[in-house]
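Notes to accompany the following structure.
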Amino acid sequence: MSIITTCLTNAVKKSRIKKVCLVSDFLYQREIVDSLEFDTFHVTRGRPIAFGTGLKLANPELKVIALIGDLITLGGNHFMHAGRRNMDIVVICVNNFIYPKIAGNTTPTTKVPFSQYAPFERPINVPHMAKSSGAVYVARWTTLHNSELTESITQALQKSGFSVIEVMAPGGSYFAGIPSLKNESELLKFYYENSVIKNGEDTRNVEIIPDNKIIVGKFFEQERPTFLDSYNAQLSRVMGDKFKPYV
Amino acid sequence: MRANPKDVFTGAYYIDGDVSSAYGAAAAGCKFIGGYPITPSTEAFEAFVRRAHQVGAISIQMEDELGSIASVIGASWAGKKAMTITSGPGFSLMMENIGLGAMLETPFVVLNIQRGGPSTGLPTLTGQADMMQSRWGSHGDYEIITIAPDSPQEMFDYTVKAFNLSEKYRCPVMIMSDECVGHMTEKVVIPSADKIEVEPRRFYKGDKDKYIPFPVDNLVPPMVKAGDGYKLHLTGLAHDEKGYPLLTQNSKVKTQNANTRRLVDKIRLNVDKIIELKEDGIDDAEIIVVSYGITSRVAIRGIEMARAKGIKVGSLRLVTVWPFPEKKITELANKVKAFVVPEINYGQIVFEVERCAYGKANIVLVPHGGGSVHNPDDIFHAIEYAAKERKNVDGIIEQKTNLYSLIFEKEYKLHG
Amino acid sequence: MKAGTHRLSGNEACAEGAIAAGCRFLGVYPIVPALEVVERFLKRCPEIGATFVQMEDEISVLAAVLGASWTGKKAMTVTSGPGFSLMMEHLGLGVMLETPCVIVDVQRGGPSEGMPNSPSQGDMMQARWGSHGDYEIVALCPNSPQEMFDFTIKAFNLSEKYRIPVVVMADEAVGHMTDNVVIPNKIELVSRKYYKGKKDKYLPFLREPALTGIPSMVDIGNGYKFHVTGLTHDERGYPIMNAECQEFCVRPLMEKIRKNVDEIVEFEEKDTNNAEIVVLSYGITSRVAEKAMDLATKDGIKVGFLRPIVVWPFPEKKVRELSKKIKAFVVPEINYGQIVYEVERCAGGNCNIIFVPSKSGAVHEPEEIVNAIKMGIKEEKREEVIQVKISNQQ
Amino acid sequence: MAKKKKEIHPMESLLRMDRIPHIWCPGCGIGTAVTAFTSALEKLKADLNKVCVISGIGCTGRVAGYVKLDSFHTTHGRPIAFATGIKLGDPELKVVVFSGDGDIIAIGGNHFMHAARRNIDMTVICVNNFIYAMTGGQVAPTTPLTAYTTTSPYGNVEVPSNIPQLAEACGAVYVARWTALHIRRLTNAIVEAMQKPGFSVVEVISSCPQYYSRINKLGDGLDMMKFYHDNSVIRHNEPTENLDIDYQKQIIVGKFIDRERPTYMDSYKKWLEEVKHQIPKSPKIQNT
């Protein structure tokens, strides 16, 4: 967690963006939020993106970062539609494999058996989902890749549009749900041994499959007008000079 | 403060309640609407969307009501007055985040054009069955303000008032209108901007480092805007005066008490300032008809019929339904024989009247399931009955309506 | 599970109760503090052949539970405040489709995220009024692991009998409390009323008698080809949009509960016969209240005790009857006033109402309640709820 | 005078004739979709008792009320979640979710996504008419860019959802798209989808003469059919990212995805088998 915090703080400094605002849902990110030096909102489970949409539209100067525990459960719909609209939000999806606070239940990104009762659901492929939803920037890193992660967040902040960065991070005492891992350094070692960087990889192929290597990297980048860009463009086209762009 | 002339579409219009409410929102300085289409509230959203660019506002149609209410709370914290528009089923979906709005002490307005329920119910027809939900619908303890307008003109006036109250007390304000008022087309006069009183957002003006979002000694503290460098932190968890969650065993009692208690106290202690009632002939009345929203207009006819018969009837119309005018009802209960409460539901606000009457007066409920307004005859009969009844009856007396007899006592065929 | 005495937490007892009641479908979304129910149920899944699904959010959870109930399985979900708020829309659907199911709400501090690990009784009114439109609901309030077991079974029975979603309003303290739970040899279960007539004559909402009857159900997939809708419908289940149909469809939803109130309502009373003060409490608070009552009795005060076991529908008659005999009701709740308003309403000005709010997130101290009882003896009659100030209130 | 023979609708056995006439406008494509569905049922020769239809809210949401099967008209956006419960409650049933784009993709997007991810065995027939028609023509997540609706009075600014791509990304095993013009192919697609174990999606592009066409001045139902005739291109197995629909441009139709994945019930049963021997017969209980 502290690694993500550092990356985030560094990236915000690096990107030189003044008005930054961070929205997170519950589960574990409280520690991050409290140590950050900009406005932070901790809202209902699954709703940071919807909340961020309101912030962004009401005050377009803001750069909104949505930090999400395991987004694609409750907030999947907001994710999908914010991507479609290309809402100017940076989504950092912290993938703990399982909910850190709530042990013993499967979440959509559950990968490995964490108890004798194996989760039998297929994990969701976050990068592919992001790309299919229309994101303009898609990357995945583990907490091991901190310099790459910082770079990625900086790039995403400087980009306008819906950017998604998935971060594989250890969650509390349940290290990635792998019973054999005892502490954080073992987990990092696990990441070191089990991850492979493949920039530009087709997001279809980056699904996390048990016993396969975790593919990390910057997968995808594109340019696309954001919601407000197209709003202003369309209304100016229809109404001509009468319309004052909303900024 | 007066309204901004740019936001006010001054003039006389022939519009329906939904549209009128949208213009009211614009006049009050609303700059953000997050909505989702639902019959019968869509006209309000559409009207605002058409006019949004004229007042420098923006609107977005979110993917669902969960999203629309979350975006509204976000927009409010970005410094804009914000509103969402919905009806019963959407309102039910919003319940979780209305709790968040209350917890973060966020000013925003929810316009609920009620329809027949429960569930999908009667999308195109009227109902008043969400009244208790507006007060109790989210989990945990909080207080809100609810206003029930009864005409398109009032939809304008009270939308402005709703924004003012929500800014003043930093709480969600619900406008609980109904399909009948929403789709009723009448003359609406929008006055010039200098005649409209608007409560501006109270922003914190002091030192940036010294800003405390939830000071214990201030019931309604000033707000700041996100992105202005106050390093604000807000959470839906129980929080201390800085807004940080405090969940450890020792401190939690204190924080929750201070900050949850305030959610309740800021309304309860200001009840007299918030409540607005409209009275008619209650000074020497024996019977008082308590009504709200569209029902109060139907009740007028019932009251006239009773007065023609020489019964002394007064009318008490609840403009603000929540907080409930407890004192007024208790005071009246000591003077009158009975309260007659017509509602387009099977008993909601009548329980509140019963509670506050303290057994001093009889309570007659005139229920009506929804789908249409009352038959004034039913209200008249209830008044007539209440005037005759000499005993003090425990509990609520339910008036048997014409519709009840029609459906359950006669051989009525619903379908061919 | 074998009959006998077991040591179980409230949540585990709840899961066992559900299994004993024949629940074979559990839909959940993980939320503190209701997790242990899920874990226990999941553990027993392979053995009993039940279906378990963890959905993407609480909205879909209740939808799935309603769906499962129509296939003939007894279905349940467990949640806490925030999840319960999300379920409100489908609570209405459940009422409208008259679908039997059980919702266990292990209440935590609110509003919003509030305090996930603290007990609260802040969702009581929400259970009754949380969904839009008019409906009646049945809600039970257990105060011990044993009752978590018993009441879960009772909830299934009531829900099958009256074809209505039944809510078990537990709280974090009861859920996490570990105690002896006696599992009896024989458990009485109410089974669903099935339609037995001709397939093409089946009408899903036909009532006998017309107003208060409970329509009989069929399982999906047996060729009845019925249609049900959340819209206002007639006895065939087809939507008709007018006031007459609304009266026909919605009034019985209320009347089937209101007219059967005496059968449904259940409460526990102690020493109320010649009491001056009656402490009315439910759930975890009632355990503290009992202690307070003992303390006050020692001081020579005549105190009675009334505990609604079924909180909704509210035991209106009993409260009204008592109010005429006593000086005051003392109502402690872990919230800022919910059920106390119901007591105030039913007391009808016959006696004083003293409300003991709690420092949210904590159970009352017995002394607070004792003080309130003493106050009840002294206080003159007033026409408002008298609120007790708690010591460390800021 | 010759006695007039009572006309029997060919689909009478599958429709609730006591509810006809239906509520759909003349020229609307939903009726066609229903016919395709009922023909598919006849073709399938499935046990009709074991088929149930779940709909949400909206014009297409009314389908459940007209087909003579066990049918549920649920809340807005939740038919997939409701159907999940039914399918898991009784795995023998064939579950069909028949609803509109606003219902399934907008408010119900999350359920769509997760049911596909879990690969719950159901068939989703999503009628896409580019607009919220029941509420009077608001912008939908499928409304093409620049199209007019009542809540986009100056033209839509949101990029529309690409339903097949979404379905594929989430894990659907069968994805096809046809317009209301391609009746035969649509019927076959529904047959295939219903035979396929797992989450199958059939998108039906449908005309909405009352709102979408009227607001955008695109003519009546017939004009829309002509448009589909001239502008739809059949391209099977087209990569789903190319399937965006632009305003009044070419519509690519066809069968795009047909793959195998274990369904939820398969994995669940497998898991039950796996853990059955791992657990003690009765969980640890401390007897006192």
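A, B, C and D are the chain letters, set down in written order, and residue numbers restart from 1 in every chain.
Just so it is clear, contacts are C-beta pairs under 8 Å (C-beta built on N, C-alpha and C of every residue); 3 or more make two chains touch, one makes a residue touch a chain.
Computed from a prediction, not measured in an experiment: that's the story for all the values here.
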| query | Looking at the contacts, which chains touch chain A and chain C alike? | reply | B, D
| Euclidean distance of C-alpha centroids - chain A vs chain B, Å | 38
| query | So, what's the distance in Å between the C-alpha centres of chain D and chain A? | reply | 31
| task | Would you kindly tell me how far, in whole Å, the mean C-alpha position of chain C lies from that of chain B? | result | 27
| message | Centroid from C-alpha atoms only, then distance chain B to chain D, rounded to Å. What do you get? | response | 38
| task | Could you tell me which residues belong to chain B and also touch two or more other chains? | result | 53, 63-64, 66, 89, 96, 99-100, 119-120, 235-237
| task | Return the residues of chain C touching two or more other chains; collapse runs of consecutive numbers into ranges. | result | 43, 56-57, 59, 82, 89, 93, 112-113, 229-231, 236, 238
| Per-residue overlap in chain D, given as positions that touch at least 2 other chains | 73, 75, 106-107, 109-110, 113-114, 141, 154, 268, 275, 279
| field | Touch-based graph of the chains, sorted into line, ring, star, complete or other | value | complete
| task | Would you mind writing out the residues of chain B in touch with chain A in their complex? | result | 31-32, 34, 53, 56, 58, 60, 62-64, 66-68, 70-80, 82, 96-97, 99-100, 225-228, 230-237, 244-245
| field | Footprint of chain B on chain D - complex, ascending | value | 57, 73, 75-77, 106-107, 109, 132, 134-136, 138-139, 141, 150-154
| note | Contacts from chain B onto chain C in the complex sit at residues 66, 88-89, 91-93, 95-96, 99-100, 102-104, 114, 116-125, 127, 129-130, 132-133, 135-142, 216, 235-238, 247, 252-254, 256-258, 260-261, 263-264, 326, 330, 345-348, 351-352, 354-355, 357-360, 368-372, 394-395, 403-404, 406-408, 412, 414-415
| note | Touching chain A in the complex, chain D uses residues 106-110, 113-114, 117-119, 141, 145-146, 154-162, 165-166, 168-171, 241, 261, 264, 267-268, 270-271, 274-275, 278-279
| request: Give every residue of chain A touching chain C within the complex, in rising order. | output: 26, 42, 44-46, 72-74, 76, 99, 101-102, 104-108, 117, 121
